[in-house]
Amino acid sequence: MNSRLLDVKGLTVQFHTPDGPVEVVSSVDFHVNKGETVGLVGESGCGKSVSSMAIMGLIPSPPAKQIGGEIWFQEKNLLAESPDYLRSIRGNSMSMIFQDPMSSLDPAFTVGSQIDEAMQFHQKIAANEAKERSIELLRRVGISNPELRYHEYPHQLSGGMRQRVMIAMALACNPQLIIADEPTTALDVTVQAQILDLLNDLRQTFGSAIIMITHDMGVVAETCDRVMVMYAGQIVEEAPTEVLFDQTAHPYTEGLLRSIPKISGKKVKLYSIPGSVPLQRDMPKGCRFHPRCSYATSLCQEKEPPIQELAPGHRVKCWHSDQVIAKQGGV
Amino acid sequence: MEYVEITKEAEKKGQFAEQMRAFWKVFSIRKTAVFGLAIVCFVILIAILAPLLAPFDPVEDVDYGNRIANPSATHLFGTDEFGRDIFSRVLMGAQVSIAISVSAVTISAAIGIVIGLISGYYGRWVDNVLMRIVDGLMSFPPILFAIALMAALGNNMGNIIVALAVVYAPLFARLVRGTVLSVKNKEYVEAIQVMGGSHIRILFKHILPNCLSPLLIQMTTYFAYAILAEASLSFIGLGVPQPEPSWGNILYDGRQYMLEAPWITVFPGVAIAVTVLGLNLLGDGLRDYLDPRMK
Amino acid sequence: MDKTPLLELHDVKKYYPIKQGLLRRQTGNVKAVDGVSFQVYPGETFGLVGESGCGKSTLGRVIVQLLQATAGEIQFGKKGISTMSAKEKLAFKREVQMIFQDPFSSLNPRQKIGDILEEPYCIHTELTKHERREKASELLQKVGLNPMHAERYPHQFSGGQRQRIGIARALALNPKLIVCDEPVSALDVSIQSQIINLLEELQEETGISLLFIAHDLSVVKHISHRIAVMYLGNIVELATAEELFTNPQHPYTRTLLSSIPAEHPRKKRERITLAGEIPNPANPPQGCKFHTRCPYAEEACKKTVPPLIESNGHAVACHLIQ
Amino acid sequence: MLSGDLGHSLVSDKEVLTLLWERLPATMALIMYALLISVVIAIPLGIISAVRHNTRWDYGAMLIALIGVSVPNFWAGLLLIMTFSLHLGWFPSTGYVDVTQNLWKHLEHLALPAFALGFLQAGIVTRMTRSSMLEVLKQDYICTIRAKGGTEKVVILKHALKNSMIPIITIIGINFGLLLGGTVVVETIFSIPGIGQLLVQSVFNRDYPVIQGVILCVAVIYVLISLVVDLLYAYFDPKIDYNEG
């Protein structure tokens, strides 16, 4: 229990819509240990970003109607704490990197002043000391000429550099947890590689735990120790990264992995998951994945599968996970 | 064959009704917008029916015994210094004021569409020349420009319409051009270009329909502006010639008697304010419905 | 592949003027596409990869004539586009179609799906309304949608479904070539593979040629027969998909390939990391445009532009290879 | 005309330029006060209604703004005179005292007209401030600041406000024409010897050289204002760099 940095229990998020309340995240449980990188994988609308925003306490209401469950961080249930307390840990012991570096920096202020701010919100620090530390951080995230860049505005930097600035900002107060929401999706391949390398490197020196939110299994393979796969607001599979790739136990994870074209090896026809993600207001009964699942039986249509622990740390929410694993053994 | 035609007609009508229903469903959520629409409809109705509703002739019926009379049962809004019935003058004034602003805005919107479409779609030197002219016209404050035009043209109703149309047309041209430019580079227009669709098809089937919603929103706002402008012009004696009633004219008359007969100025003022308020509410509602960015 | 090419590009260039100052005088050019030549054969999928700003999308738009080339010649079926008569141009526009990146802006929100799909027939054929409707519902079935969907509006569909509609529209006139500009990059992974499979099936069925523009290397590798890699407006390497991925020659291609995230946590690659950022295309480096970031650059690279030299169907533009 | 000679008035035989110089101070003072009043009312009101979006505060502020854009300024002027000078007697109803003669009297005379003129502008600016703030508050970088642990005060007054200023300044610049135009009516009502009143008088007298002079003068002011607006842009939007051309 001591090694647990973050413990999320039964997190549920409901949104108000004109058609009534909609549950975007349905009783999600997970934890993050100190210093580890955990992947949260899924397609758009699966609730992965909303979960992370809930952890940060950044879901505005409206549209949020209700946030249920518990989020334990540093011995405190964040959902029961005051907004002031949440603000005091945001950017301090818990920080965030956003997807689009083009729109995540305030265009009207220099990048330097925005990093200074991250420190000044939480520490009593003299302006020139903050500046010194910001320049050091910029150097640390691989920006050349940091003294010069400090005075530049976001529009003067490329996408890759802006994402480095975002990372510097997230690191400003030595956080214990960094939530990275699709940090490389908006970037080119070569830049993505640079940023992933940087994150791996920083994680070793700073010792922060990272929640890596992504839809890209490649990014998961590159960076994560453990992975959670989300589908339609629920976690459907959770495993150490290698186990997830080797002993996939949920049909959705299997589909995700198999629908990515392979660089190596012979060309085979791509696997594709039929249909599309169900809308929140007409969520199928039973297992939420059953209409798109090739293993589905009448049981799946009727009863929602429980979460089973197949091996230590490998949990899956499927009635037929044995078949899924068996099939891979056969290939 | 006839049967087919009939069903087609029915289908079209059904489609329109369906669209109107869809519109109403969203639009009616905003109570203020519905209120605005109600006001505008009410004012327009009054303007049309004014000759039937007015108890007195606004110009000819002069009640000498009752000059500057308080509002009463006979004269709902009182009378002015000639003993004319303010209620009738405000009703007929609605007709004049609305006719002027509707004509001016419609004409300027029409001119604006033509110039904006040509300028935005054709681009190059035509765009340069037209936009220079538009910028030149826009470098004068609208009301002063209208005053200058009225001074040059002389005041009668036709000239107010011309003056306001000239003043507003550049603003519509700019708006339409802006929309054309943004729609022109949309991928669905490019898809038609790749297919070899003609300019006529692209302009009228794909670009123009997409310009109509911002145009409608701006027209609503400019109806309000035009009503204010007409009133301002008349108020300084450069608008509708006396003794024809317009809201601005009545205010102009009432100015001298503000202390002893405030009703002469209060009622037409209320009429203007309520109409403009209705148009603004309606415009806001349309913007929320048609322009999702503003939500 | 010894057939006659369907599409041939000879040294095609597209420059955008940079206008500055009060008088909007031209002070330079952004060389978006700076001398590109290649051929696309009937029935093949030709992949065009590169990072943002390399000119791949501009090139696609030049080929479908949305943009005019500044210099160079594009030949389609033995006929130069610049020498085509108005009638031949219309025929060309019938045979070359395009699929766009953004499934949300590529369909007119005010048109019903049926009307969108009938439009190609309105432009190019004399079919009656009834026949056009038939065709439209056939198209919908072909791309895996319900013919009933013709009565709906674009906003009622998901991204993947809209992309299917875009494909149906491109297929309407039985074209010989479809330029696909990042057709799957806006889609979710599970939908991506559906669309890729659909394109492959349609190609098998109709023998159509595809020019597939994308930044995702694994997708391009999967779908293409031959691939060209672009950097700052030039092709730096061109080879068959297998050859390019197993035997990359150009330092830039190697960097790109090494940047692809691992497929499996145990198969992490040794990465070549590039120095610096992509130079400004308005002011590209002299000589080989890649030399400022190339780990192997020599004196010669700074001076002369390396030509694209082919041997055994594998073309590379690098001084160090020749 | 280009040499600065605008000719002579047909009525008073004074030089047009001299006439304009005599009249300009009153108009400029009136416009400045109106602008000041409108900004002081509108920006806080706009911020409140954006921050308290869809609450009673928002509806209240929007109602005030809506009345502002719907009430014609001459009517507002008449009502103000009726209430505050004729009935309550707090302010003089008409006339003008130059600032050099008596500052207090100067302000007293201009208070009502400036309010009548500024009310419309205030309505427009409030609405713009609100919609522009709402737009900015939706941006990703606002979320970044919250994620850094910034207080709402910092988020709104430092970041959101600076980013909202561009459209607000634009609308003030565009509607400067409305202010200029409004002076014509307001000066007439309040008998202020400004160029608006001069214009009306010369239109009635068919004094064409003066009309021409006033229009030219106003156009020059308008152009100067656009220049000021452009300079303000450069301050609020670092992307605009006039050195690059």
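Just so it is clear, A, B, C and D label the chains in written order, and each chain counts residues from 1 on its own.
Heads up, the rule we're going with is that a residue touches a chain if its C-beta (ideal position, glycine included) is under 8 Å from a C-beta of that chain, and two chains touch if they have at least 3 such contacts.
These numbers come from a predicted model, not from an experiment.
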{"item": "Count of contact steps on the shortest path from chain A to chain D", "value": "1"}
{"item": "Winner on C-beta contact pairs when B-D is weighed against B-C", "value": "B-D"}
{"item": "Distance-maximising chain from chain D - centres being C-alpha averages", "value": "C"}
{"item": "Distance from the mean Cα position of chain D to that of chain B, given in whole angstrom", "value": "24"}
{"item": "Between chain B and chain C, centroid-to-centroid distance (C-alpha), Å", "value": "49"}
{"item": "Distance between chain centroids, defined by C-alpha means - chain A, chain B (Å)", "value": "52"}
{"item": "Separation of chain A from chain C, taking each centre as the mean of its C-alpha atoms, in whole Å", "value": "32"}
{"item": "Touching two or more other chains - residue numbers and ranges from chain A", "value": "none"}
{"item": "Chain D, residues touching no fewer than two other chains", "value": "none"}
{"item": "Chain D residues within the chain B interface of the complex", "value": "66-67, 69-72, 74-75, 78-79, 81-82, 86, 131, 176-178, 180-182, 184-185, 188-189, 199-200, 203-204, 206, 211, 214-215, 218-219, 222-223"}
{"item": "Residues of chain D that touch chain A when the two form their complex", "value": "54, 139-141, 143-151, 154, 159, 162-163, 236-239"}
{"item": "Residues of chain C touching chain A in the complex", "value": "51-52, 158, 160-161, 188-194, 196-197, 200, 215-219, 221-223, 245, 255-268, 271, 273-274, 277-278"}
{"item": "Contact footprint of chain C on chain B as seen in their complex", "value": "186-198, 201, 206, 209-210"}
{"item": "Chain C to chain B touching residues, read off their complex", "value": "61, 64-66, 89-90, 93-94, 96-98, 100-102, 105-108, 110, 119-120, 122-124, 166, 169, 173"}
